[in-house]
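By written order: A, B, C, D and E. Residues from 1 in each chain.
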Amino acid sequence: MTWLTSHPLSILVFGPALLGFLLLALPHKLGRLSRMLGLMGALAIFALSLAWLLGHRGNGAILAERAAWFTLVGLPVDYALSVDGLNLWLVLLTTFLVPLTMLGTWNSLKDRLGTFAALFLMLETGMLGALMAQDLFFFYLFWEAMLIPMYFMIGVWGGDERRYAANKFFLYTLSGSLLWLVALLYLANKAGGFNPILMGQAATLLPFDVQCWLFIAFAVAFAIKVPLFPLHTWLPDAHVQAPTAGSVILAGVLLKLGGYGFIRFAIPMFPQAALHYAKPLAILSVIAIVYGALVAMVQRDIKKLVAYSSVSHMGFVMLGLASFTVIGTQGAMLQMLNHGISTGALFLLVGMLYDRAHTRMIADFGGVAVKMPVFTTFFFIVTLSSIGLPLTNGFVGEFWILNGTFLSGFTWGRLYACLATSGVLLGAVYMLWMFKRVFWGPENKDEDSGTHHLHADLNAREIAVMLPIVVLIFWMGIHPKTFVAISEAPVAALLLEIKAPAPRTFVLKPAVHRAPAAPAPASGSHGHAEPAAHEVHR
Amino acid sequence: MSGMDAILQGGLQGYLVVALLLFAIGLATVLLRRTLLMQFMGVELMLNAANVALLAFARFRGGDTQAMVFYLFIIAVAACEAAVGLALVIGLYRHRDTTDSDRAASLKQ
Amino acid sequence: MNLTPSQWAALLPLLIPTLGACLIPLMSLDKDQASAKWIRGAMYGTALLAVGASFWYLTGLWNTGAQPSFFQLRMDRLAQFTGIFVLVAAALTILQSWDHFHQEGWVKGETLSLLLFSVVGMMLFASTTHFAVLFLGLELFSIPLYALVGTVRARAESAEGGMKYFLTGAVASSCFLMGGVLICGLGGNFDLAAAALTLKVQGLALDPLVLVGAALLLLGFLFKVSAVPFHQWTPDAYEASPHPIAGFMSVATKGVAFIALLRIFPGSLAPLSGVGVKLQSVVAVLAVATLVLGNLTALVQTNVKRMLAYSSISHAGYLMLAFVAGTPAAFSGMLYYLVIYLAMNMGAFGLLTAFGLVGEHTTFDDLRGLGWKRPAMGVAAAIFMLSLAGIPPLGGFFGKYMIFRELVSTGHVGMAILGVLASLVSAYYYLRFLVALFLQAPSAEAERLASDRPAVHAPYAGATVLVAAGIVLAGGFLQTFLADGFTRRALVDGLGLIR
Amino acid sequence: MFITFALITLLGALAMLLQKNVIVAGLCMVATFFGVAGLFVLLGNPVAAALQIIVYTGAIMVLVLFVIMMLNSHEEEKAESPRPIQRWVSLALVAALAVGSVKLVLASPGVKALNLQGAALPQATTLQKVGAALFADHLLGFEVAGLLLLAAMIGAVALTKRNL
Amino acid sequence: MNKYYWLIPILPLLGSAFNGLLGKRAGKGAVTFVGLGVVLGSLLLAISAFLTMKGMPDHRLVLGYGEWMATGTLQVPFDLAIDPLSGTMMLVVTGIGFLIHLYSVGYMHEDEGYARFFCYLNLFVFFMLTLVLGSSLVLMFVGWEGVGLCSYLLIGYFFETDFAPDAGLKAFLTNRVGDLGVAIGMMVLFAAFGTLTVGDILTQAGHLAPEVGFGVLTFATLMLFFGATGKSAQLPLYLWLPDAMAGPTPVSALIHAATMVTSGIYMICRLAPVFTLAPITMDVVAWVGAGTALFAATIGLVQRDIKKVLAYSTVSQLGYMFLGLGASGFAAGFFHVFTHAWFKALLFLGAGSVIHAMHHEQDLFKMGGLKAKMPATFWTMLVATLAIIGFPGTSGFASKDEILYLAYLKNPMLWVIGVVAACCTAFYMLRLFTLTFLGKPRDHHAFDHAHESPVSMTLPLALLAVGTVLAVWLGWPKAFGGDFRIEAWLAPATTFGQLHGAHGEHGSHALAWGLASVSTLLGLSSAAFGYFSYKDGLAVSEARAAQFPFLHRLLLNKYYVDEGVELYLLRPIRWFGNLLWKLFDVILIDGVGVNLPGALTRVSGDFTALFQTGRVRNYALSMALGAAVLLYVFLK
């Protein structure tokens, strides 16, 4: 018992997988029971993560576990897990999305429910482990282990092209990470282990071009996951073919691991190379933003449209990271959460629509708003979040990223920020155009149309799934501090440590009297619901 | 004694050359003939070549009894190979009614 | 002649299976084996008992740390490791063949006897540096295997495969013999280690005939590990043979050949430093060829057994990379890889038996949907295939990891990259196995056939599959125990390569 | 003498290689074995020569011929398959091997030294010594050889026994 | 009272939430009560806040409600700033907003989506107030985007029709194009001044400007102005506004005439000191404004849809406002916003009243003679029409004249354009008025059923008419003996401690009199021309159209701009998107980059499989070749 209480992170990480194996052992007939048990387990993990992770506030790591694990061919591997400012909210996002998705797709699948729940839980272990691991070998294990459940989720429960999509997903991701493994081994040999700090130190002693190659190997592995243009083509296939739950988790968490990998490993370990390659990264990000949006615009399948919108949105994340400013990086951190919530919700909603209409073609719809007003409302709110309307979460992240990029110490930052702004416009174009065609207009009376098959609006369960998402959308949009305050210090420290160029302002010499911004009211928590009005006399 | 002389006069070189040529001819039989039994005889020839080399070395080391023992073993091995090999040939013949190895080529790709 | 206890200790592990091998044919004399159940039971029991006793004895020996010898037989830790390795493979094979031969409709005691002879030969082969004994060992394990491959008399392909294996194998043996004779003849000693030392002392290390001898010797080993271009017998022989035998061959032959190669080349012939250098370069070339060709060809197979055969070829490529790195840690990794490989491949071939695929019905289409019908087997299959593909945290990944690590640390980064690319390709065809098992529904035709056929009962094969899956999983989570406690010690104490 | 026996050996082998008729080829092979036996005599090893004739000619070749007869497979090989690349590459390889072997043997310092020192050594291979060695130093090998024969026998039986 | 001022924007938000979530169940009565109540509450609080602000020594009231998005050096608080400018705007929004809410009760009474309508309308008020009151540019941007959203929702209110969704989408997206400018402008300003709070920017603009560089400021202001062209429907982004008439008429009155579309002007006024520092931008603003005024007015000449005429009129009037701003007449521009809010809202509501009476008939050519049937509407519309054509003494006269005067001072050419546009305005307004109320009815069926609107609709008309008349009090030009008090009144906000040249020094009262006489005369004669052209029906105008067929067609089709945009902008973009998808994603990346290597691997697999011939001789040969390799390497 004491072991259990002293190893909370281990429980969070491995608990789901253990439960998953148990579910796998349950007989086939008990699928419904397994599904219920899976949901309970996921909820329990969510509750535990909230209790353990939010309970601890302070600087540095919130919780950490580190022990020597094993030494293989002379390279020690640590069993190191920790939750700190950089990953806290991603961890919570994961534990939050898993039960939510389970509930949201409760009746989407018809067969092999138990297996699906088991795989889902194993996937959760993979994701949580990858998020928490503080040893690169350990990280690598989780990183690859995630592929397996996802592969089956796409391959078994997916659409018509599922085999192609699953294989593509698997091999695409594997190709990046295998080359990364070689780089990892190379560096581990120099450092004598997989401790990221030691490896980073060892890396700085290497010649610059070697550092660059190593960084590229890291970056490619992570960029595939993000996915950054031009390594994104697995994503539309995987998303479209995956069952709803798979798409949600793919968009909600898996993609984040790419961005997280950059901020956690690639950038701190190879600062010089990272700064050296900031420009290509930013260029690719901008291309991803615009390209993803333009391609999303012409899609005929709603899910594919959302998938390409992911490319565009994750491009913002990468742009923020490439800016190497606190604002941009914080924006990227928030944008990862935003994207997890909004795009995850979009996939959930598309899944709900698909469950009813059995089609996802935009042309098959029209006038859905008449038949499903509640659904339309939710979809619209999530759409707003996705297009970054102020007071929703999407706005804050994108605004920070753009401002951070504009301020970036690199000469190109301003241009790229301006170019990336067009992504915001194009986001509205494809989302609202799709919204118009699907939900508005005269009702599609065609016998074969999707609208024709819509009979029931959202039920209580589905509404219960969407409500927390809506709450989060506004919470993150109105009070983003909850979600990014904790990462501010680590991000700032990181940028200081890697000697990121100072932000460039237009002021040639610093102003003597920089007017202080309006100070926040003294009272601790403040939303607009609790006004602490004061008059500022100027 | 020059090299060529040594060969012609039955020096160690001579025996080794004979052994290696025998080996080559055995290999050529396996490569060029299609009849399984011929190929099989080629293998026997290759084993024999090794025998020649083995005993030639033994002679020039002053009659090495160990080599002689090894020679016995090799003969035993040759006999075993003959037994199993011929059994396989017979087995194949029963199915395919041929001993042409090129015509027993259904396993491929 | 009186044997000392130490000599007995060295001999017993071989003697016990030999006794079993001699007893079993006696039981099957002149009896209608298919109907007399108790005879069958007795034969399989005897075989298992022999293997088990030998295994039990060897593990005991391992635990005492003693390294006895009997004449040219040196039962050191590496030999003990080999023995344990081969015996486990044999035990799994015996269990699987019970079910398999039932499915095929016949049982022969000779099969078991031949298998046991082969086991003895393998143990011998990997436990000596004396060339005469080495050669005898090679033949003792090869000749029964030739017979075993051709043993399915109902199938023309079986005889064909056996014939091909025999003919190519005999050529390789002859080359091996010729090579050994040249080295021993010039070195004046039939113990390869002593011969190499003599040659070095006499300054003959770079004598062209010695080099020719070494090359031919190497050819013999490379044939057994089915390295390109000595690999072509492999798919044909595997397809021809019964599933358990194919599994046994893929695992034990390769493993023993690698261990013997390790013992002879970096071990006994170490004084011939020139040979070592040449070995590294030639193995590098052939490893690349093996990886490329094995993986590419495996990609286009429709028959699962042939796919597994080419996959085993490609795995030979990975194992050969250990010789390219040439460091003790790499060899330790190679042994570790072999252990996992044993489990993976015995498991994979065992699956075919467990799924009840008989005769030629071993294409991917025959596998469709079976994973859902037999969930435990399906999970095991996933474990094997993903491990074969080198996906962490399964055992196969750690094997590759150890070898790649040494490659990188010895500066062969290019080789390591090639290796990972090869495993990327391999992932595709391993996934195909899983695609068939889980992602494809059986065709209507197959469903109809399946309903006609009696239900598959393969309890023993199933058990072996689960055991193998357990080992693969353990390889992923107990690698310290396996790698440091087992393979490394085999190397340290047996070969003295790590000090 | 050496040249004679060497020529018998090699020419017999060549004849076997080139002979279309399998039975004739088998008989050529017998000639080769006799040549080899002669060489063994020249090497001062009559025991080996005797064994060569008894075992190879007497047992193995008879067995082969027996099988040839049994299978009626004395038909001649038909014309070479349409893709002659096998033949030409093989011939080139074998030729290279033949030429190379002569060159290598001549180039080998070890062989040269052995030839010089060995020609003077006395012959001492006797059956008695062989027997002693067989049961003293090579007990293991001897037993393994026995096992090998047993295994081969069982294997042959398993492959051919009719009522299985 | 101070501590309740946060309710000014929040009350409508709460109302919106109530109407949206519960409105349908609560019934129309509750919806009406809540929907109107919250806006009335806002109005009362706004008045109180306005008075409080007036009481402050520097006429500035900043209310802080904590941090919104703060990271790094970026601080964005939830602060509301009330100063004369925003205070006035706040009153306009809540005041006219309330009237239009009231009007909607009657107008929308039979609509099924009554609750939804009030939900959107309340939400609009919330966002508009946020836009007006937000102390920082970001908060203003919240409102900026938010009103765009509401406008989108309200234009697409009849979502089950074909055209409304398209119009809504067009409005939102065109606005978003402009928003890019605002976003970029904000980024530049933040990089320049390190803050986005308007007050701080203005304080620093003066002394930091030289360090920041005028080029930067020009760029920033140009970008902001680009945003303003989107929101305020100026060239080139005016396209959405005429289409926006697809929404219910009260929406057109509130959003697309009185409030939202003026937010561009409002923003420039807020940042007037910064804009003043960028003379190039000011020129651009003036010329774009003048151009739009003329351009839209010409289109308005021939439109048949009563709301379309008013829409183009709005675009044109907005152009006037920008012309005023560009001529450094921030007060004049804003004064026109103020007056325009009254009379244009009145015009729209009057038009709505007519449409309501005519059973949703919007074609001018089918109306006529309604004066008898709808006296209240007739008289109020008359007031508004006089105001918009600049009849001397009306509020429209006052504000337009001030703008034209300033335009003349800036560049006489601008004045000429302005006057021509004013003449067009006079013409088409009289055309509209005559065709609607005078003459004989042209559609007797509709005419017979026409009736005066209910009190809930006519009351707002009356109040607006009163407002239209009284608005003149705020800014009777100095030249005509007034004091143009709005200028002094707004000075704290528009100058913010900066000095910019007072225009009065350059001109003289004589000049002002002269210009005003000319323009008024021309305007009135155009109006007369309009009246006489249509008083006897359509014959005259048809004859004229036949005389200038090309010109008529050009104007009727709005210069073919929509078609051009579709053909030369939207279609190429879609085509480009398709190209990217098919060429890059499908062919290049997936095809060449991913599937081709895969296929090549397979093909090479097929190739290597060829070596497995099945013939054992070939196997042996391959071994022999391998042996050759081994020997070669070993002997090398």
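Here is the rule we go by: contacts are C-beta pairs under 8 Å (C-beta built on N, C-alpha and C of every residue); 3 or more make two chains touch, one makes a residue touch a chain.
The structure displayed is predicted, hence computed values, not measured ones.
Trainee: Using the touch definition from the top, how many steps at minimum link subunit B to subunit E?
Mentor: Shortest path length, in steps: 1.
Trainee: Between B-C and A-E, which chain pair is linked by more C-beta pairs in contact?
Mentor: A-E
Trainee: Taking each chain's centre as the average of its Cα atoms, which chain lies closest to the overall Cα centroid?
Mentor: A
Trainee: Counting only C-alpha atoms to place each centre, which chain is farthest from subunit D?
Mentor: Using the mean of the C-alpha atoms as each chain's centre, the farthest one from subunit D is E.
Trainee: Could you please state the distance in Å, as a whole number, between where the Cα atoms of subunit A are centred and where those of subunit E are centred?
Mentor: Each chain's C-alpha centroid was found; their separation is 36 Å.
Trainee: Taking each chain's centre as the mean position of its Cα atoms, how many Å separate subunit D from subunit E?
Mentor: Measuring from centre to centre gives 103 Å for this pair.
Trainee: Measuring centre to centre with CA averages, how many angstrom lie between subunit A and subunit C?
Mentor: 45
Trainee: What whole-number Å value describes the gap between the mean CA coordinates of subunit B and subunit D?
Mentor: Whole-Å distance between the two chain centres: 5.
Trainee: Find every residue in subunit B that makes contact with two or more other chains and list them.
Mentor: 16, 23, 26-27, 30-32, 34, 39-40, 56-58, 61, 64, 66, 69-70, 73, 77, 80-81, 84, 87-89, 91, 101-102, 104-109
Trainee: In subunit E, which residues are in touch with two or more of the other chains?
Mentor: Expected reply: 609, 612, 614, 616-618, 620-621, 624-625, 631, 635.
Trainee: Could you list which residues of subunit D touch at least two other chains?
Mentor: 86, 90, 93, 104-105, 111, 114, 137-138, 141, 145, 148, 151-152, 155-156, 159
Trainee: Kindly provide every pair of chains that touch.
Mentor: Final set of chain pairs in contact is A-C, A-E, B-C, B-D, B-E, C-D, C-E, D-E.
Trainee: Of all residues in subunit E, which touch subunit A in the complex?
Mentor: The contact residues of subunit E facing subunit A are 2-3, 5-6, 10, 58, 60-75, 77-79, 135, 138, 141-142, 145-146, 149, 152, 156, 159-162, 164-166, 168-169, 172-173, 176-177, 179-180, 183-184, 186-188, 190-195, 197, 199-200, 203-204, 208, 211-213, 216, 573-574, 576-578, 580-581, 584-585, 589-590, 593-594.
Trainee: Considering the complex alone, what residue numbers of subunit E touch subunit C?
Mentor: For subunit E paired with subunit C, touching residues are 598, 601-602, 604-609, 611-612, 614, 616, 618-620, 622-623, 625-627, 629-631, 633-636.
Trainee: What does subunit C use to touch subunit B in their complex?
Mentor: 131-132, 135-136, 139, 143, 146-147, 150, 153, 156-164, 166-167, 170-171, 173-175, 177-178, 181-182, 184-186, 188, 190, 209, 235-236, 239-240, 300-303, 306
Trainee: Which positions of subunit C touch subunit D when the two form their complex?
Mentor: Result: residues 1, 18, 21-22, 25, 70-73, 106, 108, 110-111, 113-114, 117, 120, 124, 132-133, 136-137, 139-140, 143-144, 146-148, 150-151, 153, 162, 186, 199, 202, 204, 207-210, 212 of subunit C touch subunit D.
Trainee: For the complex, give me every residue of subunit B touching subunit C.
Mentor: 16, 19, 23, 26-27, 30, 36, 39-40, 43, 46-47, 49-50, 53-54, 56-58, 61, 64, 66-67, 69-70, 73-74, 77, 80-81, 84-85, 87-89, 91-92, 94-96, 101, 104-109
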